[in-house]
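Please read the structure below before turning to the comments.
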Amino acid sequence: MTDMASLMEDRAAAKVISDNLHKPVDWDSPKIARNIKKRYAAERRFKMYGLSAIALALLALFVLAGSIGSKGYTAFFQTYVQLEVTFDAAEIDPDGTGDPAVIGKANFDGLIKQALRDRFPDVTSRQAKRDLYAIVSGGASYDLRERVMENPGLIGQTRKVWLISGDDFDMLNKGYISADVDEGSRRLNDEEIAWYDSLKSDGAVEKQFHTRFFTNGDSREPELAGIWGAAVGSLYTLMVTLALSFPIGVFAAVYLEEFAPKNRFTTIVEVNINNLAAVPSIVFGLLGLEVYLNVMHLPRSAPVVGGLTLALMTLPTIIIASRAAIKAVPPSIRQAALGLGASPVQTVTHHVLPLAMPGILTGTIIGMAQALGETAPLLMIGMVAFIVDIPGGALDPATVLPVQIYLWADSPERAFVEKTSAAIMVLLAFLVLMNGFAVYLRKKFERKW
Amino acid sequence: RDQIRIVGSSTVFPFATAVAEEFGKTTSFKTPVIESTGSGGGLKLFCAGVGEQHPDITNASRRIKKSEVEKCAANGISEITEVKVGYDGIVLSNSNEAPELDLTKEQIFLALAKIVPSKDGKSLVDNFYTTWSEIDPSLPDVKIEVLGPPPTSGTRDAFTELVLEEACDEFPAIAALKESNSDQHKAVCAGVREDGAYVEAGENDNLIVQKLEANKDALGIFGFSFLDQNGDKLQGSMINGVSPTFEAISAGDYPVSRSLYFYVKNAHVGTIPGIEEYLAEFTADKAWGDEGYLADRGLIPMDAKERETVRNAAMNLSPLSM
Amino acid sequence: MSLSFLLLAVAALCALSFYFGRQRAIALSGGRYSNLHSLPAHYGMYVALWCGLPALLLVVVWYVFQGSIIEAMIVSDLPAEITSNTGQLSLALNSISLIAEGNGQHLSVSPEIIDAGRRLANLQTIANAALVVVMLAVATTGIALSYRKIDPDMRARNNVERISRWIMITCSAIAILSTVGIVFSLMFEAIHFFSKVSPLEFLFGLEWSPQTAIRADQVASDGAFGAIPLFVGTLLITLIAMAVAVPVGLFSAIYMGEYASSKFRAVAKPALEILAGVPTVVYGFFAALTVAPFLRDNGAILGLDVSSESALAAGLVMGVMIIPFVSSLSDDVMSQVPQSLRDGSYGLGATKSETIRHVIFPAALPGIVGAVLLAVSRAIGETMIVVMAAGLAANMTVNPLQAVTTVTVQIVTLLVGDQEFDSAKTLSAFALGLVLFLVTLGLNVFALKVVQKYREKYD
Amino acid sequence: MAVVSQSAMTAQPSVASPKMTARDLNLSYGDNQALFDVNLDIVERQVTALIGPSGCGKSTFLRCMNRMNDTIDGVTIKGEVTLDGRDIYDKRIDVVQLRARIGMVFQKPNPFPKTIYDNVAYGPRIHGLVNSRDELDQIVMTSLERAGLLKEVKDRLQSPATGLSGGQQQRLCIARAVAVSPEVILMDEPCSALDPIATAKVEELIDELRSNYTIVIVTHSMQQAARVSQRTAFFHLGKLVEVGETDQIFTNPKDERTKGYITGRFG
Amino acid sequence: MAVVSQSAMTAQPSVASPKMTARDLNLSYGDNQALFDVNLDIVERQVTALIGPSGCGKSTFLRCMNRMNDTIDGVTIKGEVTLDGRDIYDKRIDVVQLRARIGMVFQKPNPFPKTIYDNVAYGPRIHGLVNSRDELDQIVMTSLERAGLLKEVKDRLQSPATGLSGGQQQRLCIARAVAVSPEVILMDEPCSALDPIATAKVEELIDELRSNYTIVIVTHSMQQAARVSQRTAFFHLGKLVEVGETDQIFTNPKDERTKGYITGRFG
């Protein structure tokens, strides 16, 4: 059969169908109506799926935040006990010198113990006295000292002062220790609970906002433990991370995206960098341990090492985000600049980078947020340590917030449970702030072209 | 470096940190930096060598082993001061909503050993017990599920030594091995089952505590201080009829208690400032005494006489000899 | 003299030389900038770079070597009984530097050491002074040389750009080297491991029991390094996580992108992104202490035997963590589907969901596949959640109610507390790390291929 | 405003029985009014061309006719558009069906990233127009035939539509629209993305389709309007300035603005 | 190949003193050759139009003339392109300065997302053409004036250029190119994104610019080529088929292919 003949045949056949087809569809027929109904039902179902998916995700967030918040909010308050303390001149400054050095050395702890004995005079046995002293925290004597140093006029007087309470007492006041369980199964015996009741009925027990939690370093005493040391450690660590990964990441991204020849090698590099973003963070810890500690002999537990390690981890995030942002700058802008005789470097610095900056910054902030929340690699380089002193620099031993959380979570003292949750809340607040900042940047610098 | 560096046991960690904090507050030295690495890991770091980059002190929840002393010596650490700081009971504990258990060491062995005597007691087979009641009908009919530390931990070492290795010779089939094949004997006595009944739960004891709270059927192995702090939620199982209480452990009645130690590198004393003063703080009665602050944290003190001996040895830096 | 002060000084010199370079160029231009080859600022930059770079390099090199050179000088004067022992030496040097810093009052050391400490302090003072002098000399030489070279025909811009390009190349090299470094360090130790354990046993063995004794006299498991149970466990948890994250993430993305009002979107999207920012430790606690007991108790009510370390608990929580990865990325790709395609479908009388299912979703599929694969590699590599919520025992099971362990959990447990890379036990962590690396590499290559193959086909 | 409305009315010679009508149509995007009192009749089985300078509201008007503007946020519409005498903005009207009856072809060819077959089959499938695979095959074939594409693609119905050339893609889009048996086909600058040869093909096709369908086409090329349409409407600044027989509009426009525009002297 | 080359040579009437010349220009994208032995002279202060079907290499050839192809990976170029007799592919040539002398305007208007002022001032600034703010102001004003845009934008020089309409943007791009006082301006389909009115404006502008600049324009509209150019070159499949006076090409093409294309019978 010739082509022509077959074509004619096709045509003829098509013509038949075509005439057939052109019967207009009866849109009001019951069949179509049923079909439409089904379609709209499917539409509603589909929309429901979407809504429930979001609801589910938000619910997860809510439960997560709720379970942390409900456990942790009490840590922002601390129980204080009011005692009548006699600032006995004979104890504090026997010679009346008024010399701060002398006052500073005085036994303020003794004053507090005296005050407790005065309040509960019938306590005599050694064991009971120890229990009694535990009502007030070991840190209270430092407060008292400070108070007297500031106001030497107190010496010789008797004043009612609020003193920070010990952790068990605090837990009792916050209801974490129940007086109802059998005496043998709780941290506080019946006598101690009686003291509490007595103080409470005098109005000598109250909760105050716990500023120490935000200003202190770590401590074994839950009531004295604070997150400032870890926060400073996080700050130094992040500073090192940022100082390294931002310039290196951005320059690398610019080079790879704008200047490097596109060949197999750059593809390998690209895959490799993408892959690095998915490498388990603990592997970076291993590398840090090998390279920075064992080869370069940098100090253990130091924020520099943490920062260097985390920089390796955030580098790929920044490079990937920056490359994506640079890629998103329309080529027409580059061509315009090049066509005017701008050099490639000028094209990048004058046009591409400024336009890509919001994306680069968002990527950087997200990378930093990741670094802020990272624990695993730091376990490998000795940043899981008990460190009381607030680090004074990137070479001093330090921990970071998530590691502090990890450490507190492993402390036996009951009072650390709420501290753990509270520290998580603080960390989350930082993360939300950083993410919020990223969103803000995105909004603010978003440009249309 | 002008700051003491301490590594080692997670069991001693709460005590060492308490001392370190007090030391930092009351002296002009910086507060020591203490890392919790587990006893085994700590000793490994400790024995790696003399020098500023190596730790000065390591905590251990068991005594240093001969092999470790030799490793130290091989790395030029010839003089180590051993300081025994007190006792710690290892408790087998469960939620106090579950029935309290009264176990014997043999029962524990049968529940946790990798290889146990067969039903007829003649041969040795892989552990086949799945519920406690299979071991002894008086025990509850629940799955054997014990959360405990991994081999790097001193708690695990001590538990193996104090419970499993002691119980194993009570079984004739195993005792017989002692003569014929002492290597295998050791392996059988100390081997812990790996089929999921014993769950290695990492070094985080608090996580074990919280998991027990959530799982009424499980038992956990950890130091006494964690039980002490969580007495309203957990209860210690009796072992050989004795409950793990402060009194029972310090009186030596509770059978699974072990000594806690720390080790000091003598070569570092004098060159890293503050080591001697730290020793003094740790061995002062206000710290490790009967009413010292460490007892508050769950350390079970030695008696006064033993403390005196250890203190003298420590202050003189008398080197350990094994 | 502190490093930061030196750096400030270099910066100040650079600023000065920039100014002078620029002025000179302007002077030479005779008032018409177009007589110059480059902009005056380029000449300024040229001089500044010549001043700053060598000086900076000098400071860095000096700082790297100053310590060891001075140390060598101090060491050469110490008695042999100290220097012969490296440990002693390191302690002695520590004491010496403490003394030099003036913190030596608590030390009990020999007079030689105290002397050495004083000498060290002296040497350091001299070295610091010398550094400042040499740095100034280098900087001024740089300024002088480059300043004299300024000439209207000099290609200042090309020179400056060449230098800046080299800076960028250096940065890329660092980035690339770090990736190569990771691969090689993993590879090196893994090869070490495979010399102890056969790769076949490792890859196909069914038993995993790596907790060998860390001392000769400790009794622990005899060591079996068959990693299949770990792979199965990892896969199981990953699957569960994806079973949560993919549908929830995708539908969230669809709802936010296609149905939600912009107000709702402005709130919901960042809220979801918070899920990605929550530290994984927190998820770990959540999984171990809230979700796992919940599943166990409810399982018991239904008569199911749910382990308290069930794969399900870890997987579910990990899934929640991954939701934003899937939703954000697929939201992006779906919003990139051109409006013209949507119009095409609506114009034919399709409903919204039909348009989404038949047109938008297929068009965005390559991107979504890429997003999901990225999420998968994230799930495989996730550590803290599984460390806290999954088991440690290597059960070979695909029952999600049972406890399984994962590759990352094993890496952590193998390495925590024992950091000497000499036993098969610790080395196996590297082999596992390498496997993870290779698997994620495979996934990434695959994702790249998918994306490249189908990218913008609809444009 | 009243004046404008009147002038628009006078510009609108009424038609006997129009397929579609617009009456006093006003449309705003937010605060920005894009259409002012448009009155226009669309005659059945004819091609009506909408011309006018850029931004004058041609596309906007076209999208009003099958309610594609519904998908844009913040659009307010006043006035009436009817199809066969029924107001399409009536609440009881089902948009989904409406759009099936009034098909649309866009400026840039936008085939779905599926096979050629699936592209054409999409409409009949979602509307449930067929009961069997055979019927579907038939519809696809006829539609492709009608769009003058069958010969070129019949051997590769299962290959991706994105692999077709621009002109083929545009004809595929027409086939896709035809497959649901619409009564009216709206085309928004269907040739602007095509080269002259492809354009010629599509124009030929429009001419053929006219025998079965009512067609409205927006174009910025006056030559094209002259070539393919029977009636032409000239828009300017959101107003319908003049409408009439194409010949009349191009040879003898009544409005000065129309004259200016078609002679190119405009603006 | 030799044959082709010869035919190209015969198709190329030499010109007295050309501003630019291409000699035996071959270009490949990787393995895919896009230009074959192109020989073309560009006459000073005239508009040369490049026409031809899509994909024939018009844009490629245009980009060769200011070395914009350098920015594409994998391009290999053989042959010679000269500006005032000097080979622009010579190693010693500074590409950056070359591009300042040979400006370019693209198909889609691509203003920088900056102010109108900064867009125009960008070129003079990077080339150091001015010594003072006043001079810069002057250049910006004259360039806008030349591009016929000053009147429309002089009150909003500091507002973003992206807010201009398409036609205005395209004229801004021309102003931006003019501001560096190039000798040659290359335009790649500068009107294809514009409506007829905007197109007319740009065409008018090109006609004016001709008195000062040498212009090469790629267009797919033969009408446009006929309207604005003095010389026309017809490309086909990467080869230059014919070049000559625009009148002659459109009324009396020598090559069959040219004739086919311009009468629309081609393809």
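Which chain is which? They are A, B, C, D and E, in the order written, and residues in each are numbered from 1.
Keep this in mind: a contact is a pair of C-beta atoms (placed from the backbone, for glycine too) under 8 Å apart; a residue touches a chain by one contact, two chains touch by 3 or more.
Here is each chain with its UniProt name: C = Phosphate transport system permease protein.
Predicted model only: the values in this text are computed from it and were never measured.
J.: Would you pick out the chains that touch subunit A and also touch subunit E?
T.: Both-contact set = C, D.
J.: Taking each chain's centre as the mean of its C-alpha atoms, give the chain farthest from subunit E.
T.: B
J.: Just by CA atoms, which chain is the most central one?
T.: So the chain nearest the centre of the shown protein is C.
J.: Considering subunit D as a copy of subunit E, what rotation angle in degrees (nearest 5) results from a C-alpha superposition of the former onto the latter?
T.: Here the rotation carrying subunit D onto subunit E measures out at 175 degrees.
J.: Give the chain pair, either A-B or B-C, that is connected by more C-beta contacts.
T.: Between B-C and A-B, the larger count of C-beta pairs in contact belongs to B-C.
J.: CA centre of subunit A versus CA centre of subunit B: separation in Å?
T.: Subunit A and subunit B have C-alpha centres separated by 33 Å.
J.: Using Cα averages as centroids, what's the distance between subunit A and subunit C in whole Å?
T.: About 18 Å separates the centre of subunit A from that of subunit C.
J.: Compute the distance, rounded to whole Å, between the mean C-alpha positions of subunit C and subunit D.
T.: 55
J.: Subunit D to subunit E: how many Å between their CA centres?
T.: Their C-alpha centroids are separated by 36 Å.
J.: Tell me, which residues of subunit C touch at least two other chains?
T.: Within subunit C, residues 157-158, 351, 354, 387, 416, 419 contact more than one other chain.
J.: For subunit B, what residues touch not just one other chain but two or more?
T.: As it turns out, subunit B has residues touching two or more other chains at 1, 53, 203-204, 207.
J.: Multi-chain contacts only, two chains or more: what residues does subunit D have there?
T.: Correct list: 96-97, 100-101, 126-127, 180.
J.: Considering every pair of chains, which are in touch?
T.: The complete list of chain pairs in contact reads A-B, A-C, A-D, A-E, B-C, C-D, C-E, D-E.
J.: Mind listing the subunit A positions that touch subunit D in their complex?
T.: The touching residues are 7, 10-11, 14, 17-18, 20-25, 27, 31-32, 35-36, 39.
J.: Within their complex, state which residues of subunit E touch subunit A.
T.: Where subunit E meets subunit A, its residues are 66, 68, 71, 73, 96-101, 103-106, 108, 110-113, 122-123, 126-127, 162, 173, 176-177, 180.
J.: Can you list the residues on subunit B that touch subunit A in the complex?
T.: Its residues touching subunit A are 1, 3, 5, 10, 13-14, 16-18, 20-21, 24, 30-31, 33-36, 53, 96, 203-207, 223, 225-226, 228-232, 235, 291, 293, 296-298.
J.: Which of the residues in subunit E end up touching subunit D in this complex?
T.: Where subunit E meets subunit D, its residues are 53-54, 165-166, 194-198, 200-201, 220, 264, 266-267.
J.: Contact residues on subunit E for subunit C in the complex?
T.: Subunit E reaches subunit C through residues 94, 96, 126-131.
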